[in-house]
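Once you scroll down, you'll see the structures, which are given as structure tokens.
Okay, so subunit A shows up in both of these, paired with subunit B first and subunit C after.
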Partner chain A sequence: MTPVPIPAGRVKTLKIDGRDVSGYENQTILEIARENNIHIPTLCNLEGLDDIGACRLCLVEIKGLARLLPACVTRVQEGMEVLTDTERLRRHRRMVIELLLSERNHVCAVCVSNGHCELQSLAQTLGVNHVHVPYRYPRMAVDATHGRFGVDHNRCILCTRCVRVCDQIEGAHTWDVAGRGVEAMIISDLKQDWGASATCTSCGKCVQVCPTGALFVKGKAVGEMTKQREFLPYLTLMREGEK
Partner chain B sequence: MSDTPRMPARIRMGTIWLEGCSGCHMSFLDMDERLIDLADKIEIVFSPYVDAKAIPDNVDVFLVEGGIGSDHDMEVIREIRRKTRVLVAFGDCAVTANVPSMRNGLDVGAVLRYGYEETGQPIQPQIPTQGIPALLPQVLPVHEVVPVDVYMPGCPPSADLIHFVVGEVLEGRLPGRGVRARFG
Partner chain C sequence: MTPEELHELAQAHLEADKKLSHCLFVCGAAACLAARSDAVIEAFQAAVKARGLEESVAVKNAGCMGLCALGPLVRVEPAGVLYQQVTPEDAGAILDGLGGPPVERLVCPTDVPFYQRQFNIVLENSGHIDSESLDDYVARGGYAALAKALTAMTPGQVVDEVTTSGLRGRGGGGYRTGLKWSTVAKAPGQKKYVICNADEGDPGAFMDRSVLESDPHRVLEGMAIAAYAVGANEGYIYVRAEYPLAIKRLADAIRKAQRAGVLGNAIMGTTFSFQVDLRLGAGAFVCGEETALISSIEGKRGTPRPRPPYPAEFGLWGRPTLINNVETFANVPAIVRNGGHWFASIGTEKSAGTKVFALAGRVVNTGLIEVPMGITLREIIYDIGGGIPEGRKFKAVQTGGPSGGCIPQQYLDMPVDYESLAQVGSIMGSGGMIVMDETSCMVDVARFFMDFCRTESCGRCVPCRVGTTHMHTLLTRITDGSATLDDLALLEELCEMVKQTSLCGLGQTAPNPVISTLRYFRDEYLAHIVEKRCPAGVCRMTRAPKEVAV
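For the complex of A and B:
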């Protein structure tokens, strides 16, 4: 009988929302929560891509720690007591969504991803029915120079899923981030037109992983842009098998 | 003749359409036969549906469609707030400024020049100024100008959502975060 391979690392036991759970020491709180059907909202996380803890939606409370930690990049520890759904966390998550909505121009009514947008649907499930901070209304460009795809920076939330999928899965690294803070922008190559990119393979993976209408297939009207993400875990799994 | 006597005091409701497209008011009418029941409980005292010319005093609930985009909107929303107990931001334009806000990153003068002088083939290109409200530099959500009591997102909000919110207000409740509706 072939022995079942055991991932490197020891088993840790911990509590999530009062439930006794266990996982390997190299696993994150988010992974263990998902294995146990405990829902933690996420936005920049996507199965198949490295986690970066950027969006802060998966923040959780850990007993004994004053500050909140992102579940997607925090590894489990023995005896940890994690809370995933407290009023404090709900308040923080609503604030994250409100800041994202106010930072650029998310005009859902005329967006290609209306009805299929992760930001829009998180706003609804988290109970964001208005934004407390003033909207910024920046003037943002749309790059439609690529033959098949477009990027509308008005809708971009800088989750960097596109950057990561292009680098980690496609291996092209066409996308990157330029600028800091509120000036940060997703750029193709050295801040050149997407259509003029020498590295883009036109595979469209960035479009499919984008949680909003920022990256889209040309020719889609309002609400027509649905994304297919099923390919990603399969690709990752198949490549692990090749190693 | 109806067996049920009319309620002596009906809720005084106003509705107004500022910088929006009237779609929210259309969605209100989509409540269809439920409007007949509401008519027994609500008196519409100001609205595009009726013929009142001035904002009346002592309004119980005001549904405000549209963002605040002109000096007239600014004046009228402050008057509405003074005279209203429950102010409802009715639809995405009122809640987020929505489509009208797409001009917010642009200069108002440039927008007007483009609209009236540069597009099409105008016979006598001129920007109208007489007898019409002046545009504000940006279209604002209602709550950035006056306090709002209930937020009803949606473009437009569904008839079911409008029915729920109006029902709650009629019962004297403010639904607050109970309104779990989608933008757009």
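For the complex of A and C:
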């Protein structure tokens, strides 16, 4: 007996939090969850940019699997049973937020992004009202050499959205990461002042995708820095059309 | 060079060796070199010349002979005498004594457990050949396995032989090598790669370095066989730049092998080609992780990416890629030569073969050893290692480096295999084995490894980047006397969180030294925190609160 031919772009059915859902085999758990209004917290993920699975907020439990997998880069499989909101996951997510808050100097009261910050709102929704881990209070610099924008490393959480949008959408690759571990830093060009960058096109995409107040438009006072990112899915679609 | 020519070369070399009355092997690997074995070699060469013995005595720059603590080591064949701590001034006395009784004061006894209890597969040529000579390697059966694979076996049969052998990855994970090979062999794609991971980074571990310095052709042969089996014709050896001698010998070995036609285009007159290139690591521990290693070879920042997809499917430049460790490849020629069943008969049922360990720390005989799997820790430490020096008491043995754990006294009679080590909270790892006695403070040990992980974290994922830093801060508090029991609870919470949520193996295993010491030496942690004293007398407790008079 010849096996039934398999069509391209197969559809898989799976369960997320007990609900039966379906998706194409090249879709991720996160995409399917969003289609079905199941909320999984994310931070380094941004629609239109490649996912890197770095913030670990979107980790989910999969039945029969001991380790946790990031929903943003894990593709769906037939019969998968995904749990997105267990006590263990909530505990780990709160700790991720605590780690980020303690890593550098996140002082909301004097931050340009106060009230519009993804880290801040995640801390609120995940119920982080206290940081148990010791604060590091490192001395971090602010680079205000660029004419229109500034980067405040005190607020940076190293999600690398700016690095990716600059490389993948703008095509300039001004930003990158230097250093290891907790000493890692976002740098422009070869660790030069942003204002002296020969590659920066001053497009401002990095500023708009930054989840916190690390990248900002100059002249904004506390809480005034709101970000516009509607452009991103369109630009991504256009780039895909070029291929 | 065809297989027949290879055989002739081996025979001719053996004939030439027969004309010699004696052969002196002077260890030229890093540990003995650090003890100035290069001057010893020069002294021997000068002494041979002065006595006009060039025709009958050969002096060879050989590889590691194991007992690094007593270097420089010199082996005299065919007498089989081993000399220890040889100085250039001893050269004359040793040469004059050839044929007669050995020079008593320098003799290193080889009938001791250190040598008798070992079983050599990976190190079979180590110290028995000139490390820089292709002819020496061929004379001892080198490249015969590659010839056999290319002329008498199909790629599928080679994979089957490795599967039968039960060989498991020697880099630490213990993944079944046969399964990995068959996955890469089955992966669709015309272009595939073979990578040898020689980015040995565990503190105190030097197995791969010794193999590369002592017997570089063995690794090349293993890689070529692997490439034939999985259908690759390009390979890379990713070796850390801190190993200059290994790099020099590898580059030299690649050149000689290509010239002899056992590597490169149309190997041994067949249609199979395999090119090998070296890539030097710039000193990042995380680049030992396979996806970070691939990223580094591609010229990018060495950071890991989430798996799946695994490199077997999507590896170097998006192609199916086989990554194995140095020691894994070094086992392959012996498996192909002697058959998978022979290899499976050594060691235990689930962990076949032997394992090379770098024995270090508080033990009499420090050095490189190769033992069959299933041997007990007690045999390794007390028989082979000669026990703890200065009559001190054994406390723990650390295996697997920063990803491993500390194993206490009560498990000394446990067999050394992948499963048993995992059961007691450690791992086989790449083969570092650090013995600790009662003068070691386990909290301080955990802090040392956490400091290592903290500085070697790539900084990509949050738990590893920030979590290891906080864990190090908390451990520092414990060792300086300023910690409270709440700090201990937080430390345990972080251990669990970092282990479960980190992106790659570095972060997932970074808490292991803390978890295992907490499991077996919790009393030491409590003594630091509650009583503000270090039982081993290592920690200074500088920030312990002053006694308040009531």
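Everything below uses one rule, namely that the second predicted complex is superposed on the first by the 235 of 243 C-alpha atoms of A that agree within 3 Å, B and C clash if a C-alpha of one lies under 4 Å from a C-alpha of the other, contacts with A are read in each partner's own complex, and residues count from 1 in each chain.
Heads up, the rule we're going with is that a residue touches a chain if its C-beta (ideal position, glycine included) is under 8 Å from a C-beta of that chain, and two chains touch if they have at least 3 such contacts.
This one's a predicted model, so the numbers in the text were calculated from it and none came from an experiment.
After superposition on subunit A, the partners subunit B and subunit C are seen to fit next to each other with no clash. Of the two partner chains placed by the overlay, only subunit B lies in contact with A:108; subunit C stays clear of it.
When the shared chain is aligned, no partner comes close enough to touch A:186: not subunit B, not subunit C. In the superposition on chain A, contact of A:120 is made with subunit B only, not with subunit C. When the shared chain is aligned, no partner comes close enough to touch A:30: not subunit B, not subunit C.
Of the two partner chains placed by the overlay, only subunit C lies in contact with A:176; subunit B stays clear of it.
The superposed model places subunit B and subunit C at 100 degrees from each other around the C-alpha centre of subunit A, with the value given to the nearest 10. Applying the stated contact rule after C-alpha superposition, one finds that A:73 touches subunit C and leaves subunit B untouched. When the two structures are aligned on the shared chain, A:56 is found in touch with subunit C, with no touch to subunit B.
Using the contact criterion defined above for the overlaid structures, shared-chain residue A:14 touches neither subunit B nor subunit C, since it reaches no partner.
When the two complexes are overlaid on their common chain A, residue A:134 makes contact with subunit B and with subunit C alike. This overlay, made by fitting chain A, leaves subunit B and subunit C with a least C-alpha separation of 10 Å. Residues 134 of subunit A lie at the contact with subunit B in one complex and at the contact with subunit C in the other.
Here subunit B touches subunit A in the complex through residues 89, 92, 95-99, 101-102, 104-106, 138, 141, 143-144, 148, 151-153, 155, 177, 179-184, going by the rule given at the top.
Contact residues on subunit C toward subunit A in their complex (touch as defined above): 284, 301, 305-306, 454-470, 473-474, 490, 493-494, 497, 500-503.
On subunit A, the positions that touch subunit B within their shared complex are 101, 105-111, 114-115, 120-121, 123-125, 127, 129-131, 134-135, 137-140. Of all the residues in subunit A, the ones that touch subunit C in their complex are 52-56, 59, 67-68, 70, 73-74, 88, 91-92, 95-96, 99-100, 102-103, 132-134, 136, 157-158, 176-177, 179-184.
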